[in-house]
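You will see two complexes here that share subunit A, one where it goes with subunit B and one where it goes with subunit C.
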Partner chain A sequence: MSTTYPGPLLSVQDLTIEVAGDDGPVRLVDGVTFEVHQDEVFALVGESGSGKSLTVLAIMDLLPPGVRIASGRILFRGRDLARLPESEMRRLRGKDLAMVFQDPMSALNPLQRVGRQLAEAVRLHASGLNRRQTADKVHSLLAAVGVPDPEGRAASYPHQWSGGMRQRAMIAMAMAHDPGLLIADEPTTALDVTVQAEVMDVLAEARRRAGSAMILITHDLGLVAEAADRVAVMYSGRVVETADVHRLFTSPAHPYTAGLLASILGEGTAGGRAFAIPGAPPAAAERPAGCAFQPRCHLGSGRDECTTARPVLTLLPTPPADADGPAPFAGPAAACHFAGESTLNLLKGQPA
Partner chain B sequence: MRTDTPAPPFLDVLTVQDLMVGFPARGPLFSRRTLKAVNGVSLHVAPGETLGLVGESGCGKSTLVRTILGINKPTAGTVAVGGRNLAGLLNGRRRQERARMQMVFQDPSSSLDPRMTVHEIVAEPLRINGQYTAAAVNALLEQVGLTEAMGSRRPSEFSGGQRQRVGIARALALKPELLILDEPVSALDVSVQAQVINLLQDLQAGLGLSYLFIAHDLSVVRQISHRVAVMYMGRIVETGPVADVFTNPQHPYTQALLSAAPVADPSAAATRQRIVLRGDLPDAANLPSGCAFRTRCPIATDACAAVVPHLLPPVPTQADFPVRPAHQSACLLVHA
Partner chain C sequence: MFNLDDVPVNSAESPKTALTLSSEPLLQGQSNNNFLRGGTVPQYLIKRTGQAVFTLFCVLTFAFILGRATGKPAGLLLPDNATAAEVDALNGALGFNEPLHVQYLTYLGNVLRGDFGNSYRQRESALALIAERLPATFELAFWSFLLGLLLAVLAATAIQLTGSRTLRSLFIWGGSLRHSVPDFFFALLAVLLFSVALGMLPSLGRTSPASLVLPVLTIATGQFVLYVRLIDAALSDQASQDYVRTAFSKGQSRARVLFSHMLPNSVLPVLTMAGLNLGSLLGGTVVVEAVFAWPGLGQVLTEAVSQRDFPIVQAGLLVVALIFVTVNLAVDLLAAKIDPRVSLA
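Coming up: the complex of A and B.
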């Protein structure tokens, strides 16, 4: 199904997304750049409201009304999705590009049997199938994601399915045509961790079978640590750091990433005080001129560069050991004027 | 782990006894049956205490909360506030007692009216009760770490964490004794989660508030709770002080739950031992006989189909002495 394309599967370049504001357009996503490669799991994490969902909705061409791509390119197998006519986009969506949303209930029609909705998704891109063949395909898709009694289940309504089962149905629907890229926006937030673990296993297995790459959006850094190959961290509409998952967790280069990791709750913090980055992010319309993180940054306080010049995503030096390994897709990078400085002293002066 | 457990002699803020909530459901061939969303739940929350409630999605947590707040009617059992059974009260009085409990929702953006200013949102419950003053609203905003000036803005101008602060300020307006929080931080990034949890702990220390705190994220529950209750298919299957339940889980479901919680360490991920639950989730409208967990339980025996296990304290053994009676679980094998 997937034709091999020599470059990255997906390359988002300088993507800017705007909405009309009282004083002109507001940049909700401001120059985002990242790549996703064949077979990998790429996690998009970061601040609530930093533009993660809008970024992936732009890829799917599903931005909410009034919100538009102002500039940038979204190259999928080398073709710019931002400039594709809607008819071609429709052909890609649900086929080579698929998405699993956080709330499966909002994506399923409550008045229609689950099997019928899946059949529609199947037939959308395989109109040659007859009724029987479509039903068979639906049942095998459901069986593949571990739904017991697929025939019986397909004949029931969404409210008769548990949250975890509904999420499986969504995965089955998304995987119907072996997409090259699967986007999952908070796919397991509504589920308990035993079901979350099952759903993540089902996702990994379905991806492996179809050879799909995945963009995973989540606030659960534990899930990122377990599932992701590479990670991009977003803050206030921008990517502030990107690295492979090991490097990101062990030596974060951007002070925001370090703060985020320090905020993870664990056995040690329980009952006491949790670390939290002080303050709140700027509103998109009021982003300061220099670094958007500056008002909250211990490294950048009182430093002119940080208040005047916007830091751009810059490659970080990689230790020699990495240089011998498999060629990194695009080395680790951070958008911070002082990314080289240790971020560990971040914890100093914080209440224990 | 929280060790500042409140002194016991106070009357509980909330006492739920043997609560049952059923919904009509369709059975095979036009037959009718009842979906027991809450199937005999008892719990209590003391003044100044946080009870964490975790469990499967669809196990009945939100139904339990809605019944406590009077939105759903129980089929059996009682809800008492401050020791007073709500069912026995006249409507006006019952409303008054219920105002001692307030709710904070998961999604701060959908629970706040986008057309109102933050000041008006917080003022609303005060106005309804004829207690509005601008100063009272400003004091509430300040209490949750917002400023008076922010009151003139609309929710859309706030970050997710700030919106959740607005939701908390509004819930505090009528000076409740108990806040019921249903997934209050799951939509927030971990740093903002930490801010909100710290705020909740400060408010608890300052105002002596009690919390019934529902979440799927076990690290969040561990952080804020004194005690925890684990629910499965409408029943509480384990409950106890948070340290006991997290370090010494008794029920196989709790054990699976704790083992499945992801660890934020990429190098540990590969070696971690996870108890994988196989088997089907039972149909809530057609629960299996005996223990409802038996279709997924890795250690189920034939006896589990015959007997419904009840919450019991652990059997005393030489190894874990003294017995901790507050730590109870509902599993036949634990008590065999």
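Coming up: the complex of A and C.
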């Protein structure tokens, strides 16, 4: 497995995921395209139901029954995961592709000791290890994510672990073979606020040590600003904007991104009313013909283009002076007919 | 792409055990909550033994009341031409002319001393007569239970591994068809085919290991569909659990996930039901024993009831109740052994 593949580590191209509905297939994810590069943290942001989790489950080939990839490619180091046979996929899963799930309370088998579950992950891709070596590896994995008394803890059951500790165990499990790509699906959402930051630090540290790239799914924009290099914003099964973190936060081009940023509680909203984007996202089966965001958009009301033509992800002009930080791999892009127009008003707290 | 289960999960409620799940997550606790080290087992056993004694007392009392409610036994024991005076004399000799509460207390006193009296007909110890039937009943119950469960596990495993709805329908439809045929009728058909037409297997009695085949087949196939439904529902429920997805995300194969995660975790919901079933099989299978002249508990009990042979009925019911209580206790202990979250209380 070459780790020096010249192109992007992961390239998702026009990925469409469908589920059978009463009136034919329903597109849950509709033509999603993005790239993740070696060693970067790529955040996937959006509301519940926007298709973030399905997108990464498709990468892992772990879509729930009945949900399938209808079209598109998922190139991982140049190999299309969407067309890989299960036996090949199994060799990647847990080794080059690893995932940390949202709810650590249910992600571990309640009837097996934690150590045994980690050992399973260790041994699957390292067949030569004997019992002693496997146990040592498990203990060092647990120690690396800050679990105190790894030997004792490995011999206990998940219900004897707190939520934060369980998520550390899940991270240890995912890092068992230093995966090229680590996927973290809302890794701290189910945890107590007090331990969220700790677990996020553990995750970031583990990723750095292994040199993995990471896809971080979250709806916490604060977390994105802290942890991510680049961001894709998803809305109703589509990517509506992608940019590096700095650009996304300072000059969002899509009105949805601008709305999300404006709804962050901060000094500006203290004592006043928080901003909320009016309305709710459409169900996947009732997505409008044009722009899916149009019914909720302050730019789109009354404009024919928005109701009839679906906007495609288009590269945005990059200001030449924007040179702090590493050079972005792919230019910023947004899927809006009127990208950039008057979004800044929102940020100043003046919803149009 | 794997479709472990493309059929909606059967929403069969998993039967609840009498045990409680400890809902409180231990934070950072170093305690190893394995119940065997918790020192709670002796207390639990004492409590359960107390409950068992009470249950057995109730069974004894009911056996007494129901028996007395059907009348005195001498009329059935003596020949048809016996005089009323003879009948009354025998009833008196057996103690049936005493006031009811005296009879009851005498009976309880005797039982506490381990004396169930002698059978009215065979003039032997009732308990000994029951005990000599136990091996036959246990043999039949054990093999039927094992075969029914084994077939069901194989079928449910095949359904999950192939993800085939056709296979599921086939097993459940076939099993339901068998289940809907009364055992005695199925047994007669089996005898007609294997004993009369093919002459392969004995049809009556308990003379050789081959005598076991037809009765075991009758009971096992009858119970098959119950277990298939139960295990299939439990496995389908496990298939949608997050921890199964975690196992797949490690790169584990479908078969290994099924055998090392889903099947062991499906034992709990199946265990209670299987325990109840085993208990009732061990208590004797009246119909099947009657058809195959199998010399088991069920046979001796039905005979004793129809002949008002009260000592046998009372001893038999107590033994059956004891078996039931023991199996249920074993099931609960086993559940606690399997599930570390279960605390015995």
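We adopt the following convention: the second predicted complex is superposed on the first by the 329 of 352 C-alpha atoms of A that agree within 3 Å, B and C clash if a C-alpha of one lies under 4 Å from a C-alpha of the other, contacts with A are read in each partner's own complex, and residues count from 1 in each chain.
Just so we're on the same page, a contact is a pair of C-beta atoms (placed from the backbone, for glycine too) under 8 Å apart; a residue touches a chain by one contact, two chains touch by 3 or more.
As the structure is a computational prediction, the values presented were derived from the model and not from experiment.
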| item | value |
| --- | --- |
| First (subunit B), second (subunit C), both or neither touched by A:46 | first |
| Which of subunit B and subunit C A:293 touches, first, second, both or neither | neither |
| Touching partner for A:225 - first (subunit B), second (subunit C), both, neither | first |
| Subunit B versus subunit C as contact partner of A:338, first or second or both or neither | neither |
| First (subunit B), second (subunit C), both or neither touched by A:120 | second |
| First, second, both or neither for A:198, with subunit B first and subunit C second | first |
| First, second, both or neither for A:95, with subunit B first and subunit C second | second |
| Touching partner for A:165 - first (subunit B), second (subunit C), both, neither | both |
| Those residues of subunit A which subunit B touches in one complex and subunit C touches in the other | 162-163, 165 |
| Contact footprint of subunit B on subunit A as seen in their complex | 45-49, 148, 162-165, 189-198, 219-226, 245-246, 249, 259-261, 263-267, 269-271, 273-277, 280-281, 283 |
| Residue ranges of subunit B touching subunit A (in the complex, touch as defined) | 1-4, 54-59, 157, 159-162, 186-195, 197-198, 201, 216-220, 222-223, 242, 246, 253, 256-257, 260-269, 274, 276-277, 280-281, 284 |
| Residues of subunit A touching subunit C in the complex | 60-66, 68-69, 86, 90-95, 98-99, 101, 103, 106-112, 117, 120-121, 124-125, 149, 152, 155-157, 159-163, 165, 170, 173-174, 176 |
| In the complex with subunit A, residue positions of subunit C that touch it | 1-6, 22, 25-33, 240-243, 245-253, 260-261, 264-265, 338-341 |
